[in-house]
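Same chain, two partners: subunit A is paired with subunit B first, then with subunit C.
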Partner chain A sequence: MTPDARRIIFENVSKFYGEVLGVNKVSFSLESGITSLVGPNGSGKTTLMNLLTGLIRPSQGAVYVLGLTPRHPIEFFRQVGYCTQFDSFPPGTTGYDFIYWPLRLHGFAHDQAAKLTNEALERAGMAQVAKRKVAGYSKGMRQRIRLAQAIAHHPSVLVLDEPLNGLDPMARAESIALFEAIAKQGMHVIISSHILEEVDRISDRVVLMSSGYVVAEGQIREVRREVRDHPMQILVRCSNAARLAAAAFELDHVVEAKILNDGQGVLVRTRDAEQFYLLLNKIVSRGLVEVDAVAPADDDVNSIYQYLIGSDGGPA
Partner chain B sequence: MSVQDLVARAQKWSNEQPWRLFGSQISILVRNEVRRNLFTRRRIGIYLLALVPSLMILIDDIFGRYNIDAAQIEDKTQVLAVIIQLYYFRLGIFFACMAIFTWLFRGEMVERTLHYQFLVPVRREVLVVGKFLAGVVVAIALFETGVLACVFLTYGRFGSAGKSYVFDGPGLGQLGSYLLVTALACLGYGAVFLALSLLFKNPIVPGVLIMGWETIAPIFPSWAQRLSVTFYLKHLCPVNLPVSGPLAIFTVVAEPVSAWIAVLGLLCLTIAILALSCFLIHRMEITYTAE
Partner chain C sequence: MAVYKRRYNPYAGSLTPEWSRFFVLTRYAFADLFKSRFFVLLLILSLIPTLFFAGYIFIANNKTVQLLMQLRSSDFLAVESRYFILIMTVQTQVAFLLNCWVGPVSIAGDLTNGALPLFLSRPFSRTDYVLGKLAVLGLLLSAVTWVPCLLLFSLQSGLAKDGWIWSHLWMVVPIVLCSAIWILMLSLLSLAVSAWVKLRIVATGAIFILFYVPAGLGEMFNAIIGTHWGRLLNFSYMFRLILAKGFRDRTWFLITSDWNEIPVPVAWGVLIFVCLLSLVILNVRLRAREVVRG
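The block that comes next holds the complex of A and B.
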């Protein structure tokens, strides 16, 4: 079968370090846009990224990136940029050289490489300090110079391992805007993070990982459907909250109906949201309550993460 | 020209002329590695290995400056042969190549920077060749400087007699041979240690075993001696040193080989070991935590 030239495909990929499991039987297929790998430390996020970029080889299975594999590095690494988590640099290098010389290895002539280097430095907000040695950079600056190197050759696939670590709020917002801009150009952006709020806001889809396994994958709403067994929280802002709570309690699939402290709404936990919405429609049409707002209260990565992994999703 | 055009143009160029791309990549790798390996304080030990004999000859020159006799030239030529053949070829170049070539990949593993080399569009074979050539440039620059300094200091003290020995006598030919053998020693040992660094996490122990093999190889049959670097070097040296020491009675005198066969034999050995390194580099993974 010819691998799809527009997708990133993991086919039943396992990686073992001796007897230690890295990732096990991972299969998924990603289209362009921002994909977040979410999981606690040791869940296999970095292993997955290293497999994707050929820094390690799968013990079983195969990985295709836009139909290419790292066995053909010239074609492969023109398409792929990887900002790793390794906070180390060649001794004595400056920010400029750190980006310029890899571009020369891509085959760019001096003036072309210089132009691309300056452009990448501008995009990462590092132009002012480019001539300084990387050894004198702060952690955030080192993170951004690695990001600049990863994007300098305009790859189609950008892989970012914890790219927001060490960034101040301003740099963090700028980086997120940069990722979104890159994704809008039709590129693949794969981000790993354990700061769930950030990836939740910017992701088109998530891959949830735990102990080397992919426990859920897809758009956030799809992932939510995958875990239908887990109660979903729905927040209803309404008048006559007690009436709504009583009606909700009569349904088998409603696990909990909690009146809000201000008495102006109910937080319902249900195993069947669609049935609850039907009930709500009936109650409203009978004029028993007036509804101001209805919203899923937990349709974000953090709450799904809690369901799936039994953790609050904070930094491990 | 837009950035997209730049990228497309560079890709077109490298697709159409892959060998020029490889050449360009190798020259960039050599340049960067030489800067990293030659001009660094960490290499002081290797500078010393290369230059200690010259310093000793210089000290001998200073203390013996009132006792200069042109008749000593032949003796000094013999001393120079001992320095170059026993010190440089058996010890100095051996240990310097161990330090330089095992550090090319293993050092980057220790410094956690090797992934940068694996994330660029460079074939791993090209990476091996580029790093190897960089190591060769560094080793040759240091040790040929050392050999040149030794020759200059050895014959320079004799004034016009020394000058005459070098330029009108056998001196220049000997110097040429020593420089050739030095370069070949750097190539041979370099290839061996590069391969060892890709085979073993700690290449020091196998390096010591190689040294043992190079020392005892002369007591093995002729065909086995051909698997050692010193076998070829010995046949290219311009001054014969008598075999001495306890190994002398066990030494098997191998059939002499011509200079061309010695050079080609060593180059073939180097290429074969480099090919092995190119195979091994494909197995290499970035697992810094395991180092």
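The block that comes next holds the complex of A and C.
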């Protein structure tokens, strides 16, 4: 079967470093947009990224990036841009050189490489400081120059290892805006990050990893729905909280209904959110309560991370 | 789920030939090397012996200058194969010293700075990487070995006339071949050391140790066992053996022992073995990621 030329596909991929497990039996298929790899240190995120960028080969299974494999490096690496997490640069290198020379490795002639370098510097907001040595850059500037290098050759897949580390809030917001802009053009953006709030905000889907295994993959709300061991939390801001709590308790799947301290709402924990929403519809249509707002309280990456991986980083 | 318009188009223009891309690394390394004043000074110093050799050839072929300097033709070493062995011996030692300065930092810097993932996540293989680094040392050491040697050969051909060039044209082959194996061995060995040892001073020391300690151990082995095969560990000796054979000069003073005690093909084999061993080390060390165990 010909692999899909628009998707990133991992087919039962395992990678062992001698006896050390990198990742084990990983399978997923990603479409364009922003995908976040989330997991504790040592969970296999960087191994997965190295596999994705062709830096290492799987011990078992196959990786297809837009239908290509690293066995065809010229086409493969033209499609992939990789921003590593290493914060070290060749001594004496300027920001311009750091982007220009790798472009020459890609096979761009001088004029084209210079044009693409300037374009990437502009996009990353680094044009003003391009001629300065990277050694004199702040941590945020270093992140941005790495990002500029990763996007300079116009890849279709952008792989970013911890791209938000060390950035101040302003630089972080600018970087996220750049990722979103790139993704909206139809690129694949794969981000590894520990900053769960931002992952939650920008990601279309997540791949949750622990101890070399993928513990969940998909759109965040879908993943949350699949986590049945932990009842979903729904926050309802309403006028008659006691009435709603009493009605909720009549349902078998509701395990907790807690009236908020201000008495203006209920936090419900239920094993079947759909049934609860039906009940809520009925109550509201009968005029028993006036609802101001209904929102899931734990269908974010942070909650999923806590439920599936736990604070100790081990599998839940 | 987000819906994206596919407005993005990757670059589809022309590219430079794939085979030539390793030179990008070479150009970058040269640009970096020539920023160092010490390196430029070292390079200039390594070409000074060539100027002396050229001056000698000029005087040896110019009766007027000899008369002015009150020299007799018999005072001169004839500019024959032995003279070119001398030039080669001096220049290959100069190449060794130059290599000890440049070689140890070739790869160590990239390993320290985590630059390998940067290079290898491009359409650029480990072979390209080694070729790029090898080309730096190859070009540099060529500039102080066979290139000046051939220039001196041309100078002598031009000054000697009387068909000297035709009767000595065969010397071009040993000049190029002997330089090639010496350059290849030095370059690969120093790259392998550079891939293993990150500090320049330690790496430079390691190269000296690799050349002189095994040679000493070999001589000890010879003295104890009463054989001559211990000299296989003396790479400089193996090279001089090849050089003497190449220039058809059995009496060359650097070969102190019997000509036939170590066959020349064995000497070639030793140097080629060192090259292959260095390649194996490079293959082990040059990875796009570092695995931290334990």
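Here is the rule we use: the second predicted complex is superposed on the first by the 310 of 316 C-alpha atoms of A that agree within 3 Å, B and C clash if a C-alpha of one lies under 4 Å from a C-alpha of the other, contacts with A are read in each partner's own complex, and residues count from 1 in each chain.
In this section, contacts are C-beta pairs under 8 Å (C-beta built on N, C-alpha and C of every residue); 3 or more make two chains touch, one makes a residue touch a chain.
Keep in mind the model is a prediction, meaning the values are calculated, not measured.
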| item | value |
| --- | --- |
| Superposition on subunit A - do subunit B and subunit C clash or fit | clash |
| Partner chain in contact with A:E119 - subunit B first, subunit C second, else both or neither | first |
| Subunit B versus subunit C as contact partner of A:K139, first or second or both or neither | neither |
| Contacts of A:R201 with subunit B and subunit C, given as first, second, both or neither | neither |
| Which superposed partner A:K131 touches (first subunit B, second subunit C, both, neither) | neither |
| First (subunit B), second (subunit C), both or neither touched by A:G33 | second |
| First, second, both or neither for A:S156, with subunit B first and subunit C second | second |
| First, second, both or neither for A:V20, with subunit B first and subunit C second | second |
| Touched partner set for A:G186, first subunit B, second subunit C, both or neither | second |
| Residue contacts with subunit A in the superposition, subunit B compared against subunit C | C |
| First (subunit B), second (subunit C), both or neither touched by A:R57 | first |
| Residues of subunit A contacting subunit B in one complex and subunit C in the other | 17, 50, 53-56, 73-74, 76-78, 80, 82, 84, 86, 88-92, 101-102, 104-109, 112, 116, 153-154 |
| Sites on subunit A touched by subunit B in the complex | 17, 50, 53-57, 73-78, 80, 82, 84, 86, 88-92, 101-102, 104-109, 112, 115-116, 119, 153-154 |
| Of all residues in subunit A, those that touch subunit C in their complex | 17-18, 20, 32-33, 46, 50, 53-56, 73-74, 76-80, 82, 84, 86, 88-92, 97, 101-102, 104-109, 112, 116, 149, 153-156, 182-187, 204, 219 |
| Touching residues (chain side subunit B, partner subunit A) in the complex | 3-4, 6-7, 9-11, 13-14, 18, 21, 24-25, 28-29, 32, 36, 40, 111-113, 115-116, 118-124, 285-288, 290 |
| Contact footprint of subunit A on subunit C as seen in their complex | 1-2, 4-11, 13-18, 21, 24-25, 28, 32, 35, 109-110, 112-115, 117-125, 288-289, 291, 293 |
